[in-house]
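What follows is a set of structures for review.
Below are two complexes that have subunit A in common, paired first with subunit B and then with subunit C.
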Partner chain A sequence: MTALSLLYSLVYQFGDNFAYLVLAALGLAVIFGMMGVINLAHGEFIMCGAYVTIISARHGLPLPLAMLLGALAAAIAGIIIERLVIRHLYDRLFDSVVATWAISLIVQQTMLLVAGPSLEGIGTPFGSFSLGDYSFSTYRAVLPAIALGILLALYWLFFRTNYGVCARATIQNARMAQCLGLRTDRLYTLTFALGAGLAGLTGALYAPTMTVVPTMGSNFIVQAFVAVVVGGANVIAGTTPAAGILAIIQTGLTASYGQLFGQIGLLVTVIIVIRLMPQGLGNLFSRSR
Partner chain B sequence: MKQLELVSRGARRKRATSLSLKFLPWLVALGLPLIVDSNASGNFAYCLVWAFGAIGLAAMWGYGGILSFGQTAFFGLSGYAYGIIALNFGDSWITSWGSLLAALVVSVAAATLIGYMIFYGRIKGVFIGIVTLSITLVLETFMSQTAGPQWAIGAAKLNGYNGMGGMPQLTIPWHGGPLTLENTSFYYFVLALLALIYRVTRKLLDGPFGLTLIAIRENPQRAEMLGVDIRRHQLLIFVFGSTLGGLSGVLYTIWGSYITPSTMGLTSAALPVIWVATAGRKSIGGAIIGTALLVWLSQNLAVYGSQYALILLGSILLIVVLLAPEGLLPYVITHLRRLATRPQSNAVPEPQTALKAGRGSKS
Partner chain C sequence: MLSSTFRWLHLAISVGLTCSSVAAMAADPVKIGLLEDASGNFALATIPKIHATQLAVDEINAKGGIMGRPITLISYDTQSDNTKFQELSRRLIQTDKVNVVFGGFSSASREAIRPIMDRAHQLYFYDNQYEGGVCDSNTFVTGAVPEQQFSTLIPWMMQKFGKKFYTIAADYNFGQISAEWVRNIVKENGGTMVGEEFIPLSVSQFGQTIQNIQKAKPDFVVTLLVGANQASYYEQQASTHLNLPMASSVSVGQAYEHKRFKPPALKDMYVTANYVEEVDTPASNDFKKRFHAKFPNEPYITQEAANAYDAVYLYKAAVEKAKSTDQDTVKKALESGGICTEGPSGKVCIDPKSHHLSHTIYLVHVKADHSVEIPKVWNDVQPYWLGKVGCDLPAKPDHRQYTPTDLPKKA
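Coming up: the complex of A and B.
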């Protein structure tokens, strides 16, 4: 029984790390992979989703609905920002990155002024279950399944729907897609909104489990970057194995040497991966372009 | 013939104004401590300390087309290195200067390692940005976790999130006891160092090395076909620029006798990018002036709360990126010049090649 619960505890921690890496990275990976833009306001979309979720849940909305509302709010914020700022910078990639950083600073600091340093949270739902000597949070045990569900949904979206085909056509050759009558500007807006909405959903999903503060986005950003760097520009074929491998490394190191070495392990992995596979893991799985 | 005379006279006048423009900021900087008290000079020194990292970023971004978000990583690395070495080896003048050099060597080594991974791994464009930023952020997380007595290197306690303090200041031997560089004397030391670095950087970037860098920025493939080893050039400018970021960190640590992990955080990492983007990334002198002004401005605004300064800086950056992508200072100068030349009907239209040359933000 002890051996079993110890084993499950490792699986649980792996699942937890995996879910965190996947969820943190997906929004960033969609926007980077599809549009080439590194969205440094990623953390602020996460924060937006978390705030909307908490506030609407405390106004009596059922939690799943509140989470959807949070994701929706982030997606709408994404549409606004894409229309106002990012749209003008598509031919200047560096500037688009810098602009999203400016947005991140403005939003984060304004939230600090307006909303104060922290928000009273809502408890983690579903309680906990125990196995042997260990006790686990049910909600966090379910999160990896949700992460996998979102990955499957994205796969379906990109490979089985009309939007997905058009979006992939636009990444491959925007001008050609335009000549064939696709409205690429609208596709870019939709894709940016999708990425922002995914970030918002991440915030919404983690809102019950952590203290919601205006700077909470930075907690996610390291993991998100690490996963995207290791995964490369390929959204699904890159992010999933990257998150899996990184979660194994992090779980193993954390279990044997502590949290700190888990973090260092991530950094070392990033440095080794960029030297050996500069295009990221995703490149191993996709045809060379 | 008359036309020619006009041209040469105009050129001479232009050269005279540009010469005086070139020396005016340095003269103002030299004279500043004469009109303010020594505390205020210490504060101005603080504004100038950040300029080194900005020069480094302008050289990397404006000339090499490498947008590094890692300036603050080297800032923190060298700052901590100075603190650790100086705290362990006492505060005689030799050790304080030795620590300064050793801290820079740490930055050189780290930049060479990271740069080797990046450029010899053929990482390009914005990806360099995320790689450097993730390294910076992991370094910040790492340093924040170093609380507790087990995190001490010799006599230096790292102190986790609260940061490390009590480093000795720079001293120079003097008859009648060593002289500590602080306030006004530290200001002049930083100014002299800044002038030196400015000359060196200009020399480097205006020479064949800088031209090669521009060629690489404009078209890496063409440069490679012409026989340029682009990876070596990019690595060299990355090490150069990053080490200047490290120099900023050492001077900051000396100035305030403390360093904290938050100097490497996401917000701090944005600041050099904001300064350089605002001042215009193609101008080294502009980067110095812009950085000093913006740091001074944020310092004054921080009295009301650091949020206001950051919101303002963020808004400036957004406006600059959308309206004046070459930077605010070059934008203002071009417009002023256009205004100044419009009334004279027989003025010779001057080719503004220098300003238009290479909008090299392609990646």
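Coming up: the complex of A and C.
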């Protein structure tokens, strides 16, 4: 029993870290991988999702619906920002970095002034279960499965739907796609909204388990960038193995040497990957395909 | 021709300015500088401090100021950023030429600006609880220190729950030195530390930490967590059903976690604070009424708000004793003893030797429904430690921070 609970504890920690890395990174990976925009306001879309989830759940909406509403709100915010700002900055990488950073600062400070320094939490649902010496949060044990589900849904979206084909065509060669009659500007808007919506969903999923404050997005930023840099531009074939490998490194180091070394491990991995594979892990997989 | 016109103009303006400044001499404002994090990771805990300082300044101004001189409050947002602290403290000293500086939340920010204050011999009030040990001729501390918070809390916890404990602390000077204090006090009382973990300020996921605690099986957990990120621990330990009593010097009193999380995230948290909103005395109730009249949307009046409020009144008392705002004279007055104020938590006095403040310490217990009881009160606890180990600022000027393993050299 002790061995079993110890083993499950390792699996649980790995799943926890994996889910966090995948969910933190997906929205960023979609926007970077599909559109070549480095979105520094990623954390604020996460915060938007969390805020809408908490507020609507407190007004009596069932939690799953509140979470979907959070993701939807972030997607709509994404559409607005794409139309107003990002649209004018395609192919201007550095300008878009500065612009999204500005958006991030403005949104954070506005939220602080409008909604105050924090929202009262709603508590983690589903309770806990125990195994041997350890007890575990059921909700957090389920999160990795949700992360995998979202990855599958994304795969289906990109490879099995009309939108997916058009979006991938636009990414490969925007001018050619336009010549063939695709409305690429609308595809860009939709893709940005998808990225923002995924970020919002992350915020919604983590909202019950965390402090909900205007700066909460910054909690995810390091993990998001680490996973995207290691994974490269390929959303699914990059982010998934990157999150898997990073989660193994983080879980191992945190379990044996503590939180600080877990964080150091993530960053050292990024440095090594940038040196050896500047295009990221995803490139490895797509080249062999 | 043109240049001589300018020279005349220049002269006329200078003469005019000199005259007007002579005329204004009688009611020359007392300039108070305030450095607090109105945005960033620590904003939640510092916004009530800013409001408390504004309240104190407005109250004093409404009653005619300090010695008939109105107070001008010059306040900057330091954005939870230590370099902003350094930049803006230089601005307060060099450009604004303030008479006194208040503020600072994290110990890292205090240590970042203390050398700047010392170089300029700038009078500085650090109005926050901290890890203790700052023995500095220019710095006065109005928050509580470990001998006031841990010497009371830890023996009480050990008596009530058992002798084994596990510490999780924020990984910077505050957490490291506070953890050292806890270790020493537990050892003196015959307890054992079954685990100790330092958490970087950016960490918000505690899955592994919670499991390490379960493995170590302590009787209680000492949580010295700081900032919005680390506060996520409480929700996560509750959802994992860790179910251990917690002890802290910073929770509840600083960032009102019991109001922000859904019960029972903070169940059985025990904190020694020198003030919390729930303190039910005439002085506290009166303070709350005035505070809410000015800031009706304040979510919670924290212990640091009380410390910030007291700091302004202590400065007023010192200036009135010194009959001047000259900084060296005010410091002498503060060091001469008997500088006290009747604050929201009762009477507090500056200890001349160490520049720290005596406090009434409340043991705050958060119950399962997040209501608060105060099972014990320690009245008028002195900040004795620095004096005992040899810090005597009036006799021996100093600028160091000492810890239990780094004591002042015996003369």
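As a convention for this text, the second predicted complex is superposed on the first by the 287 of 289 C-alpha atoms of A that agree within 3 Å, B and C clash if a C-alpha of one lies under 4 Å from a C-alpha of the other, contacts with A are read in each partner's own complex, and residues count from 1 in each chain.
Here, a contact is a pair of C-beta atoms (placed from the backbone, for glycine too) under 8 Å apart; a residue touches a chain by one contact, two chains touch by 3 or more.
These figures come from a predicted structure and were not determined experimentally.
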Clash-or-fit label for the pair subunit B, subunit C on subunit A: clash
Touched partner set for A:228, first subunit B, second subunit C, both or neither: first
Touching partner for A:109 - first (subunit B), second (subunit C), both, neither: both
Which of subunit B and subunit C A:263 touches, first, second, both or neither: both
Contacts of A:117 with subunit B and subunit C, given as first, second, both or neither: second
First (subunit B), second (subunit C), both or neither touched by A:7: neither
Touched partner set for A:180, first subunit B, second subunit C, both or neither: neither
Touched partner set for A:213, first subunit B, second subunit C, both or neither: second
Clash with subunit B, by subunit C stretch, listed 1-9, 91-99, 289-297 or 397-405: 91-99
Residues of subunit A that lie at the interface with subunit B and also at the interface with subunit C: 108-109, 112, 218, 222, 259-260, 263
In the complex with subunit C, residue positions of subunit A that touch it: 9, 12-13, 16-17, 20, 108-109, 112, 116-124, 127-128, 130, 133-137, 139-140, 208-211, 213-216, 218-219, 222, 251, 254-255, 258-260, 262-263
Residues of subunit B that touch subunit A when the two form their complex: 61, 67, 114, 117-118, 120-123, 125-127, 129-131, 133-135, 137-138, 141-142, 145, 265-267, 270, 273-274, 277, 305, 307-308, 310-311, 313-315, 317-318, 321-322, 325, 361-363
Sites on subunit C touched by subunit A in the complex: 39-41, 43-44, 47, 171, 197-200, 202-205, 207-209, 211, 214-215, 217, 228-229, 231-232, 235-236, 238-242, 259-263, 265, 297, 299
Residue numbers on subunit A that touch subunit B, as the complex places them: 36-38, 43, 85, 88-89, 92-95, 97-99, 101-106, 108-110, 112-113, 218, 221-222, 225-226, 228-229, 259-260, 263-264, 266-267, 270-271, 274-276, 278
